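Which chain is which? They are A, B, C, D and E, in the order written, and residues in each are numbered from 1.
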Amino acid sequence: MTTTLVPRWLLVPAALGTLFVGLPIVAMALSVDWSSFGSLVTTEASTDALLLSLRTAAVSTLLCLILGIPLAVVLARATGTAATLLRSLVLVPLVIPPVVGGIALLQAFGRRGLLGSTLDVLGLQVAFSTTAVVIAQTFVAMPFLVLSLEGALRTAGTRYEDVSATLGAGPTTTFRRVTIPLALPGLISGSILAFARCLGEFGATITFAGSLQGTTRTLPLEIYLQREGDPRAAVALSLVLVAVAVLVIGLTRARRDSLAGGAP
Amino acid sequence: MTGEPHALHVDLTVDDRDVALDLTVGQGETVALLGPNGAGKSTVLGAVAGLLRPDRGSIRLGDRALFDAATRTWVPPHERRIALLAQDARLFPHLSALDNVAFGPRSQGTPRRDATTVATRWLEEVGMTAYARRRPRELSGGQAQKVAIARALATEPAVLLVDEPLSALDVESAPDVRDLLRRVTHDRTTLVVTHDVLDAALLADRVAVLHAGRVVEEGETSRVLSRPTSDFGARFAGLNLVRGVASDGDLRMPDGRLLHGIAETALDDGAPAAAVVAPSAVSVHLDTPHGSPRNSLNATVTDLEPHGQLVRVRTDLLSADITPPAVADLGLARGSRVVLSVKATEVHLHPA
Amino acid sequence: GTSSGTPEPLGTEGGSQPTEARTLTVFAAASLQKPFEQIGRAFEGSHPGVTVKFSFGGSSGLVAQLSEGAPADVLATANEQTMAKAVADDLVKGTPTPFASNTLQIVVPADNPARISSLADLTRSGTKVVLCAPAVPCGSASAAVEKAAGVDLTPVSEEQSVTDVLGKVRSGEADAGLVYVTDVAGAGDEVTGIDFPEAASAVNTYPIATLRDAADASLADEFVEAVTGTQGLETLADAGFTAP
Amino acid sequence: MTTTLVPRWLLVPAALGTLFVGLPIVAMALSVDWSSFGSLVTTEASTDALLLSLRTAAVSTLLCLILGIPLAVVLARATGTAATLLRSLVLVPLVIPPVVGGIALLQAFGRRGLLGSTLDVLGLQVAFSTTAVVIAQTFVAMPFLVLSLEGALRTAGTRYEDVSATLGAGPTTTFRRVTIPLALPGLISGSILAFARCLGEFGATITFAGSLQGTTRTLPLEIYLQREGDPRAAVALSLVLVAVAVLVIGLTRARRDSLAGGAP
Amino acid sequence: MTGEPHALHVDLTVDDRDVALDLTVGQGETVALLGPNGAGKSTVLGAVAGLLRPDRGSIRLGDRALFDAATRTWVPPHERRIALLAQDARLFPHLSALDNVAFGPRSQGTPRRDATTVATRWLEEVGMTAYARRRPRELSGGQAQKVAIARALATEPAVLLVDEPLSALDVESAPDVRDLLRRVTHDRTTLVVTHDVLDAALLADRVAVLHAGRVVEEGETSRVLSRPTSDFGARFAGLNLVRGVASDGDLRMPDGRLLHGIAETALDDGAPAAAVVAPSAVSVHLDTPHGSPRNSLNATVTDLEPHGQLVRVRTDLLSADITPPAVADLGLARGSRVVLSVKATEVHLHPA
């Protein structure tokens, strides 16, 4: 029943923006040969890649949440040089080309990397395993979660956290029952961004994890490979990726809306 | 200090708000903070609650330092057992009224079920049971205020800080909630900020008047209300507060005389009670008038002093504000024997 | 551990394989994808219990991965320089065997809108030509051809890989490009290849080798033999490769 | 002077997250041969690429703001199926691999694309031009701006917009003087995300715009190319990219902090 | 309706808040909305301001439909020229106090410079000049309230809606701001929500009492305050309102008699004025008493009615609340000739 208005003229750039994004997608959908679509996307290589992508993106998003939420909270509440440095650091994976990110990951976690010998002693070899895929995805996707959550946390402010403290709630309770619920829209946006980034990750994965069917060849890698021979298969596979992403995100949203219907 | 684990000693300076004061609230005592807008009342509450770190000074609860600039002590708000009912309700927008009230108990580890029971009880105390399931944005201003009061009280704090608790309440709810506050503050260390003289008179044992961040007057409620020394105190107050025991719906004063009045809530015979009488409601006669006023009390004038456009006639019993012509007319002077008459309808009786 | 002993916490198959079920991992240049997959299937048929897994990619990228410890048994690159780097890094067991070669071809969209028929046509003004960047192998080959033919091409784009050149031509964005014969052969009927005599000045040779860290060196050797054997060479010829 | 606390234990995952992101970057920095760093990054090709990257990323971020802010506002205030569809559409460029995004752009704006003949008539040929780079960057980066701004707008709610309307401010004034200032932290986060995504963009650019020094070869493309020959040069160039990004973003932040110091 | 372009006709139903009422505010008239918490007062203001779309009914300003469910008319808030001062201050957190006040004028196209001048003037009116540069979070509760008042008034609206404007103000500022509101509402169509009987008495021409979303009583302020027919009205009100002209600091009633009182602000001789007297402050005598009370006025009892624990004695002049024993004692009945005595200190004079 609220009646807040969006300026009418804003609809023009909004429509332009929609068109700009929508046109290529429509063009892409039009170019697909729908009769052969089924056979294109159900080859063993494709389904292997799709499943691997879904599994790794889910795990990576979870990792992003576990490591990223705390980082975002610290960033949103911290001030001073340390915070600025930390923020810059978090930005780096966002800026460097993913391929270089993969090189950096190799230099840190690869056999000859900084931690290589340590990991070796532990009997762990992460590079070129499914673990490496997860690491690569987490590395590139975490900044998305951190930055968008930080924005939401700053917008939400600390008014309600103060109230919570005066009611005897410790920092943990406050975090769990006040901070997170109030920043939920931002957290959801951030998770979607991170999940999508994980699903689409290519450069760091191919460099750090390689491209082995069933183990490290995620859907984007498969698409890249298909494109070599048949761009149509690549496009068809991409549409599958889009469908999956929209489905997963749609489900999350629906659940969110039913949960947070009463937020201000 | 020992033996008063919940006595509050506040000595703080907040430079950028120009607040610098020293204040003590005894264990179980209720102190009203009065003062004009911007005097620093909310600042004091914020510092005691731990939402604001003063620049200098210390805040102690009994022997325990909550804040001490010298030793860099700082107890975070949630470890202070101090509840703050702030000036704006600030209910959690994502929780129902019930969950808002249950928030405190649950934060202190009460199981969900028990917390809900406690919350339900407090919602009932403020008459908001019917709204338990509502989200804050579905509540009216006064309803939200009541839920906020319930939420603060449900934490069963050692010290209670309340900032203008009744400002949004209607004339029907205000007396009930005031009575509730009176009961819960009775043996709890409390600081209450108010602009309403009745709140101060009825809730507070002592009153501190703030002005521009300084305590300009402090003392027993009845003393400050009847004989304020600060400008603001004078403006604010001027109430007679008479203590005694309830007797058949009236007040028996310590000297045995009866003061007829109107009780807003039922009074038990023999229970301690207090009467609040505005000086403006007290008439001065030279001999007992015949008329509707129920109270005609002999008294001796102790002082005459200007009070704005009026003259305040102080007696050994009640003060009266009358116009200068009336003083002249009656030929009043220090030592005059007078009859004070007050309508029973002007004498407000409350449990004390 | 063994080459297939990488930790795979997400539950893919792993651990040392008994002789009955073995996995062979082959790192191969992307241009080899189609024939190698075919050879792999045949290999699996003649070696029951063996699974051949491929990792296709840019040759230098593959070598970089191997240097970083990527587990693999066989490496096949698209040129001798990258294989030389692998040898220098002590990744290879024995001497690499050249097994195929490839030459450049002019690629144009099927309808050939700019009516290209020779290398010289590419210099016509208004013709949009895309080449590989000189830094990548196909680019250095293109440069060699240009030099031999005495023409100076001004490309509208110097692409990162053959795939990118092919993509531009296939979409009709570019009028022509220089790619390998095999790429044209694998690209279907959207593009046409045009042979030109100067291509002979830049023949690219594909070497293959068993890797030092191979889990099962004999099996790897068998795969190398399968590729360099008659049947392998036939498959490669079908894909447009010529003998080395 | 506010005293809101961050739960102590949150610092553990926050530190882990920092380490996880920081370690590869440190490893990368360590691997650089600093003696030859100067000569590596100051070749003509490198500086051309850097300048092109900065120019295009700036223009693209601007385009993202112009088209993305309206989209975010519409999304944040809209409900119903149309909004859900729109949101899904905006998500697509995020999910599809950039290379496929490039293919889609070709199919829309390329010479033989949907709009190709229309653009031809107008005398516009975008492929192989700097414009194409900007289009590719805008396409992949816009969702970042839109989604993170939408999260912040939802968190901010419409309370103050209502007040603004009762004071006689039309939708435009409200938008300009209330909505945007209050969502500023989210807008800044979103802009940073978009700018960073533009700076790092590779796949769509190479597919849609090609790679010609000074015209379309941005720094990531240059890095990728360098990597063929000398991975160390690639890493060195990446560090330059990181430095530039941190600098640009740091300046924005500093300006923001001085502007919005009094936000709640 | 013609000729009253700013008369407000409200007829609305909001189902999920159970509000359904019909209300008219004449051009230039000020109507006070009274009622318990949750009665629907803020809902009415929200609907008139355009923040809330009722389910049925219509809202008209003169001939212009602001909302009409039948014709699906809906004028957005910013085109209504209606200012709403809501229950919470809601100052824009990113703007200084001055810019908050200047926001309205600037939105209406006033150049920045002029808008600043206007804003400065309004800040001065509410005594907040010293705080012009402050951000809202650096203001105390009462200070924020004053800035919000200035902000609403600075828009020079056709219709003014104010929701508990004085609730956070101290006893020193409240009279000044009330006087300011009285001046700006004087010839402006105004709806004012309040829990304070004095606000209603001094600001409103008419009063509407809401209960559970319905208008349960409506009428002239003096009538409703002195002879309320609704329960809530009775609880709330009970004030005598006497109109007349100022005369040497006192009030000359239409019948020529003088009512001595205390003026809070200076009154010009001959200017219209009103006196507010609580019935509880009026004593009833059978003959003129001698004492300090300045006012002894002959009157005739018109009615006697129970009023809670008391009896309300209505006369042709003022009503008096006295205890039942006093009624018996004095032998009062309808038609009794009595002398009403009121202390001048209990008679509050205000400009009208």
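The rule is short, and it goes like this: contacts are C-beta pairs under 8 Å (C-beta built on N, C-alpha and C of every residue); 3 or more make two chains touch, one makes a residue touch a chain.
No experiment lies behind these values; they were computed from the predicted model shown.
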- Message: I need the common contact partners of subunit A and subunit C, sorted by label.
- Response: D
- Query: Of all chains present, which has the mean Cα position farthest from that of subunit E?
  - Reply: C
- Note on the structure: In terms of CA centroids, furthest away from subunit B sits chain C
- Task: Calculate how many whole Å lie between the centre of subunit D and the centre of subunit E, each centre taken as the average of the chain's C-alpha atoms.
- Result: 55
- Note on the structure: The distance between the C-alpha centres of subunit A and subunit D, rounded to whole Å, is 15
- Using mean C-alpha positions as chain centres, tell me how far subunit C is from subunit E in Å, no decimals. 88
- Task: Would you mind listing the residues of subunit B that make contact with two or more other chains?
- Result: 50-51, 76-77
- Find every residue in subunit A that makes contact with two or more other chains and list them. 2, 5, 159, 162, 165, 170-171, 174, 182, 227, 231, 263-264
- By residue number and range, which residues of subunit C touch two or more other chains? 64, 167
- Message: Quick check: in the complex, which residue numbers of subunit B touch subunit E?
- Response: 35-39, 41-42, 87-88, 139-143, 145-146, 163-164, 167-174, 195, 197, 232, 235-236, 260, 262, 279-281, 283-287, 289-294, 309-310, 320-323, 325-327, 329-330, 339, 341, 343-346
- Complex interface listing, subunit A residues touching subunit D: 2, 4-14, 16-18, 20-28, 30-31, 66-71, 73-74, 77, 84, 86-101, 103-105, 107-109, 113-115, 138-139, 142-144, 146-148, 150-152, 154-159, 161-162, 165, 170-172, 174-175, 182-183, 185-190, 192-193, 196-197, 199-200, 202-203, 219-220, 223-224, 227, 231, 234-235, 238, 241-242, 245-246, 249-250, 253, 263-264
- List of subunit D residues in touch with subunit E within their complex: 159-160, 162-171, 173-174, 177-178, 181-182, 184, 260, 262-264
- Message: Could you list, by residue number, the parts of subunit A that touch subunit C in their complex?
- Response: 55-56, 59, 106, 110-112, 123-131, 134, 206-207, 210-215, 217, 225, 227-231
- Enumerate the contact residues on subunit C facing subunit D in the complex. 58, 60, 64, 128, 130, 133, 135-136, 155-160, 164, 167-168, 171-174
